[in-house]
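The same chain A turns up in both complexes below, where it pairs with chain B and then with chain C.
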Partner chain A sequence: MAKTQEIVVVGCGRLGALLASHLSNQGHNVVIVDAREVAFDQLSAEFSGFTVVGDATEMAVLEQSRINRADCLLAVTDEDNINLMVAQVARTMFEVSTVIARVYDPTREAIYKEFGIDTISPTQLSADALLNILHQSSLVTS
Partner chain B sequence: MDRYQAFLRQRYCAIGGYTGLVCLIAGLGILSPLLALIFYPEEWRLAGGFLVPGLLLSTLGWAAWHWLTPRNGRSLTLQEGSVIVVLAWLLVILFGTVPFLWISGLTLTQAFFESTSGWTTTGLSVVDVTQAPRLILLFRSITELYGGAGLAIITLSAIAGPSGAGISSAEGRSEQLAPHVRRSAKLVLSIYSGYVAIGIIALRIAGMDWFDAVNHAFAALSTGGFSTRADSIGYWNSVPIEVVTWVLMLLGGFNFVLSYLILRGKWLSLWRDGQMRLQALLLGVSAIVLWVGGTGAVYGSVEKALRVALFEPISALTTTGFSTVGYGDWSGLGWLILILLMLVGGGAGSTAGGIKQMRIYILYRSLLWEIQQMLMPDRLVSEPKIWQTNNRRFLDDAQVRQTALFVFLYLVTYGVICLIMAGHGYSLEESLFETASAMSTVGLSVGVTAPDAPSTLLWTEIVAMFLGRLEFLTVLVGLIRLLRDIRPAINGESNL
Partner chain C sequence: MRVIVIGQDKLAYFLGKHFVAKDYALTLIISRRDEALALSHKLSATVLCGDGSEPAVLEDAGAYRADVLLALTGQDENNLVACQIAQKRFGVPRTIALVNDPANQAVFRQLGVSVAFSATEILGQLIEQQTDYKDIKSLIPVADGDVHLAEITLQPDSPAVAQSLKDLNLQAAIITCIVREGKVMIPKGSSQLQAGDRLIVISQAGAYEAAYQVIMGDIS
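So, the complex of A and B:
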């Protein structure tokens, strides 16, 4: 991502705050959304974008977070259902070109794929990484 | 060297580096009047007065920036931003005195006064503008132009500026136009430069010559108020010039976020914004009261009385400080209206000073909220909304507390400075007027500020202007942080 992009981050938890601070430091226009105002305390001093307080499943909140002109939306709240819904709305209603959602439950990833939403599953990633280590130490043979 | 000391030194390297960058840019500002030598080559003898401080400040700044700025850890917290802002403003004001000392032959106190008045966009003056060379007049206007935009904003828009919003928030510009602080700073500067360009042309068409048009456009949009004439805008006594100046002053006292939204055609936000409503109400009411209760009787013709009743409130509320008349023959009512308007000041996030209309509006809404809660059932939960530019916000206790404390601090300081002024033997009205003018960086004067004023009085006004421009808390936080950190950074005693 060389050019300055418009990015919306939904969910200001540990991951959301880290992503938003990092992207803002790189010079991108970042808007972060969270339902609780105290969540924004986790943002580092590098962050210089907008913060929007509200429920991201509401259209008005998404419009306030400049989703109309967003190039990218990251749905990283700790609720799979919210992430799915926000990602779907961004994809179909606002036609955001890149939409990535975090999903804990790996069995849901297939459904997300059908909707054209890229996913990251921490559960799946951890499982893969752990299995990889075990394979290398040859405790488990495949 | 313990870890805390190492950490402090690393942070102060960053602080020194970015202070250097601000100084580098301000140094170029001090050099910029020399461009006028193309048009007025006969004043080349004065060039030294700008070359020496400008080059010195730029070189020092460049050196600090080049050697001290760390490669990583370029983001600044609000506290570090405050230290940078206070240090940089002090240095810039210090170097800005040199042209006045060198060329105009002012005393040190007078030079400090004029320099502070310029950079803080106040516009009180101890220079005799009828005798001053053109370069000095232009230099005064340029310091206002820079001070109005804000040194931090100009620095942030530079490519190598720091990341994070710490430094711009410290200078009182926490509202942003775009969701990135650098993009926002660039937008502010483009809007500002656009206004200045339009202002120069409009004033030229309205009847000023080019030199006056440039100076007055700079001074009006930065809400500074230095004029090239002793009678200020009153010198021309022309309706077109006054009307153009109204517009420019109002644009200068306008929140930049609002300007941006209007330029993008979002007129609804203008109508909803709390500050706009307050400003319209204040200006309307003051103009009518002034006309009926004051100027109508003082000035014979209806037309002149109306013009004065419109011009002076706009000048006071936007904290510009241009005037079309003297106030010696005004009634107490007229003086009081101007004093109150000066204390209220311009919009938050504009070039203006004062308590700021947003704070007054927040307090007004909180008062209504309080009364409403007393009348409603105990269990009622309510959260009043206010529109700040395009954002709907809800009043909460923390915000009301901060606002109320700020206003309290402002009024306490106002009282103390009035005391000092009255202690110098000036009348109550004069003290109240002149203090409000200095603290809100307005620049209207009733004659207290003069070259022969006692130097203690001038220094008091210098402090008032400095505190007023940087909004108190930044100065306090910056200075206290600096004083606390000096000893552990040098000796390594980590007793916090």
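So, the complex of A and C:
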């Protein structure tokens, strides 16, 4: 991502706060959305983007987060279904070009991958990483 | 017909009762355990306790063979995902979702849900229509609200009384039916209106006020 991007991050948990702080530091224009205002306390002091308090499954809240101008949306709340819904709304209704949803449940992730939603499953990634370490240390054979 | 209902509280119960009475094969998916247990005693239906947007739960509920799935929880995102997984993974032909945010109605349709309805919008419309004017009862919005269907009861002092239909200038509205003393009359240009007649009027959304004025006089 060379030039300045308009990025919307939905969910200000540990991952959302980390991503938003990082991307903001890199000079991108970041809007972060969370239903709880206290969640924004987790953002780094250098975060220079905007915060929007609200439920991202409500259209008005997404519109307020300037989604119509966004190049990229990251849906990383701790609810799989919220992430999947927001990602699809961003892609279908607002034509955001890069949309990624975090999905904990690997079966749900597999289904949505089939319909072309970019997803990341922390469960799957952790399992793969852990198994990989175990294989390398020859504790378990593949 | 095989029906799966994902829901909660009284809505799931009474709807379930209605479906059971119609002899549908009903499966309810309820997230709270105590509620699921209580419903399983009250209804002759299969009741599952679980998350209705979970593929494994839907499979257990017999989604592969279901004809219709209704997602009626209070969370739009759960209703959407349940409908999408039911339709795309299990091939459920008809999915119906409750939409809490009325703005999501269009979104759900675009994302493949067969029917998305908003209780907020339905109630809002009902109240607006019922309180519009006395003697004029809006029935249902047709063609996504572009067309109005109303029932108007003529009063002795309504300007249209004793007039022939051809003399009424209704512009973008039409009297499709006259109900006189409980009998349905097909209106002709020469039909004369009487006090007490009930008129079924179809009009374009923007044009109904002018037409009602011609029939009922000052309605404000």
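Observations on the structure shown:
What we mean here is this: the second predicted complex is superposed on the first by the 141 of 142 C-alpha atoms of A that agree within 3 Å, B and C clash if a C-alpha of one lies under 4 Å from a C-alpha of the other, contacts with A are read in each partner's own complex, and residues count from 1 in each chain.
Basically, a contact is a pair of C-beta atoms (placed from the backbone, for glycine too) under 8 Å apart; a residue touches a chain by one contact, two chains touch by 3 or more.
None of the values given here were measured: they were computed from a predicted structure.
With chain A as the common reference, chain B sits beside chain C without any clash. After the chain A superposition, the centres of chain B and chain C are separated by 100° when viewed from the C-alpha centre of chain A, nearest 10. Contact with neither chain B nor chain C is seen for A:123 once the two complexes are overlaid on the shared chain.
By the touch criterion stated above, A:93 is placed in contact with chain C alone, chain B being left untouched.
Legend: residue contacts after superposition of the two complexes on their common chain; A:50 is shown touching chain B, with no touch to chain C. When both complexes are overlaid on chain A, the residue A:132 reaches neither chain B nor chain C. In the superposition on chain A, A:30 contacts chain B only, with no contact to chain C.
In the superposed model, A:68 lies in contact with neither chain B nor chain C. By the touch criterion defined above, A:81 lies against chain C but remains apart from chain B after alignment on the C-alpha atoms of chain A.
Of the two partner chains placed by superposition, only chain C is touched by A:111; chain B is not.
Distance between chain B and chain C in the overlay is 18 Å (nearest C-alpha pair, rounded to whole angstrom). Of all residues in chain A, only 57-60, 79-82, 84-86, 88-89, 92-93, 105, 107-108, 111, 114-115 touch chain C in the complex they form. Across the interface of their complex, chain A is touched by residues 75-78, 163-166, 176, 178-184, 391 of chain B. Against chain A, in their complex, chain C makes its touches with residues 53-56, 75-78, 80-81, 84-85, 88-89, 101, 103-104, 107, 110-111.
Across the interface of their complex, chain B is touched by residues 4, 6, 24-25, 27-31, 44-50, 64, 66 of chain A.
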